[in-house]
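What follows is a set of structures to go through.
Look for subunit A in each of the two complexes below; its partner is subunit B in the first and subunit C in the second.
On to the complex of A and B.
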């Protein structure tokens, strides 16, 4: 698979965003935003995709800098929107790895980071 | 792994399209191409064997398609033998439920074709049932492919366009097979043959209109910019498909407006007609190959 690798300098640290070039359901936006620094720890991560997502076979993992899981439970899916409940986040950098199955049977995956800095 | 999975999906889809369209077009044929009083025509009985084989191949290729789809979703062919994964696929996803329904339709179509016996290539309930089941199988593909992912507001139009497109293509390409058998049957009555050819060309024009209207409505929903369209692999395969369609269109026009009027005058027109129908079949099979790939490539957003 052809991978587009984009290196983004955001704030003080380097973010890596991976997006499959032959994607079907693409990540259009996220909250916290891709590569952003947020002052308040979010309780939910929101991912907006370009196509409807099937909850089955779709996974989202959020990990802290030490690799510990920061997501709490299965993601909820509403059409193109995937909501991931989060544990209380301590200040630090977090990595989101998503792999979703779109309603037209194709899977896509990618990852991005964000930072909590009060 | 991606390469193998892609090839397996494309091959299963290609064979499935050909098999279901053959059952559909051949079962529909007697309803428009036979004179009202004709029970059967010489040559047409030979379609029974190919239709039975096609119904069996449709079931096998359908299972292969679903299996290749599940393996590509999980990334692990071993998941095909995991009961929980299979349950999740068939009952917890939208397209999985459509697959469960399609398996029922495929088994029903095979049973309908096998039990029809000598009734098959004539105008009766057995043929109508085969054609209806094949039609449902063709249209239901909309919910296991790209049309399912279009925006809610456009989806009805895209699915309706998809239905027109596949039913038009199936009636035309599938109908070419019984047509060829009639043309090659030396015992076929000239009047009956001319009747079938006239009716088939009328159906062909309707089919072309359906293919164009359905194809355009689906391409329109994907149309963003000409550059994005041409740059994408999806756009390139679609261009090949459209060129192939125009090739078939020209062959069909030659058949209708050059060869059919000369059918009386000499036997060479009939031979050329046989050759052109064979060429149309080959072209149709190649276009279906392009279609099998098109469904796997991401359309331009």
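On to the complex of A and C.
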């Protein structure tokens, strides 16, 4: 059927365009892992994104259960990886809030928790 | 997909959208070659991403393309016709918060014992204003109007000669703002839409015979009711679960899935005819409940759903719908994937 052929052609055009474009930067993984319980307090939080992010417009905050900042200094960005130095973490719950601008100017954000339990 | 699909769809069991595919490809090619500048997102509210759906519409204004949406089902007629719909829908942001969608559907009908038919359904357009976005509550509210343009399709497949104007509201709410003790429940989200469909003709009168001796004229009168159209979805976002609640270490393919159940209904509320024991779709609530799954990649998504009619007037047996959907703001971020006028008049923090 003609209509199916036309749809397939247009779809093929779009599929060929996919490789050249960047997408929203999504959080692919984190260390400590999202929602995890770790026995040893980490000194650095690592966030791996699906796209490269812009350091100047990307922020990460780590807070303890009382809302006190637990991150120490500005995040370091290396392509898709964001490294956040942490203060010495006492046992307890921590919340990570991140907001990043991907290299193609899309903004994404998210938050998650982890727990330090020796 | 969008609500465009909803009405023609519910009438005979399913959704439909869009523009001729080749025209869309040509437009995209042209936009791909010119222009520059930044773009915002598809349907995000804070951490929450609402995927484009197959039967109802997501609550956001976005640059996206559903091409194609294909569905197969049996209609509510007695005996039931077998119908295949191939449709497409192109959505374009005019500003950051205001957008237009154009949808078109090609229908193939197999009629038991009768001649088969094929042709275009009426052209449909939707104008939508996303006036409230509350990121922390993962809440989105939009309003707009959908128009089905009469006489733009083929009567042989049921396209009407009159226009239908439907003021609509769309809403989306993620559960991510629940306390962390709710655990995986925070990955749930719900969407909804409601509209009031007003046909431009109250009725169609057809002369069936004329007795030239007596001067008597026989005619049929078909009323065109006003309909309340409503529907929505409940969805569980594996991407949200992984990035915001708990990373279970599942393979990436599972972390990109959004299982969901969509539902869409239509109830006549005015200009109806009270008739007992009728299957007539214009005199009772019809609709479908569609369980399915959407796989969300970085720049496109693929979805499939079963179509379960709620009664015999809504269809016969279980149908299906599948869709390939492109995020144009990611594929063409500096051209067709950005608002024509990059201004925002959105409410919310």
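Here is the rule we go by: the second predicted complex is superposed on the first by the 95 of 118 C-alpha atoms of A that agree within 3 Å, B and C clash if a C-alpha of one lies under 4 Å from a C-alpha of the other, contacts with A are read in each partner's own complex, and residues count from 1 in each chain.
Methods note: contacts are C-beta pairs under 8 Å (C-beta built on N, C-alpha and C of every residue); 3 or more make two chains touch, one makes a residue touch a chain.
Note that the coordinates shown come from a computational prediction; the quantities given were computed from them, not determined experimentally.
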So in the superposed three-chain picture, is A:59 touching just subunit B, just subunit C, both, or none of them (first/second/both/neither)? neither
Please work out whether A:111 is in contact with subunit B alone, subunit C alone, both, or neither, and reply first, second, both or neither. second
State whether A:33 touches subunit B only (first), subunit C only (second), both chains, or neither. second
Does the superposition put A:24 against subunit B (first), subunit C (second), both, or neither? both
Between subunit B and subunit C, pick out the one touching the greater number of residues of subunit A. C
Going by the contact definition given at the top, which residues of subunit A touch subunit B in one complex and subunit C in the other? 1, 22-24, 26, 50-51, 104-107
Contact footprint of subunit A on subunit B as seen in their complex: 2, 69, 72-75, 88-89, 92-96, 144-149, 296-298, 301
Subunit A partner, complex, touching residues on subunit C are 20-22, 24-25, 28-29, 32, 38-42, 44, 46-47, 65, 67-68, 86, 88, 106, 108, 135, 180, 239, 242-247, 249, 298-300, 324, 326-327, 329-334
In the complex, go through subunit A and note every residue touching subunit B. 1, 22-26, 50-52, 54-57, 101-107
Complex interface listing, subunit A residues touching subunit C: 1, 3-4, 6-7, 9-11, 13-15, 17-18, 21-24, 26-27, 29-30, 33-36, 50-51, 104-113
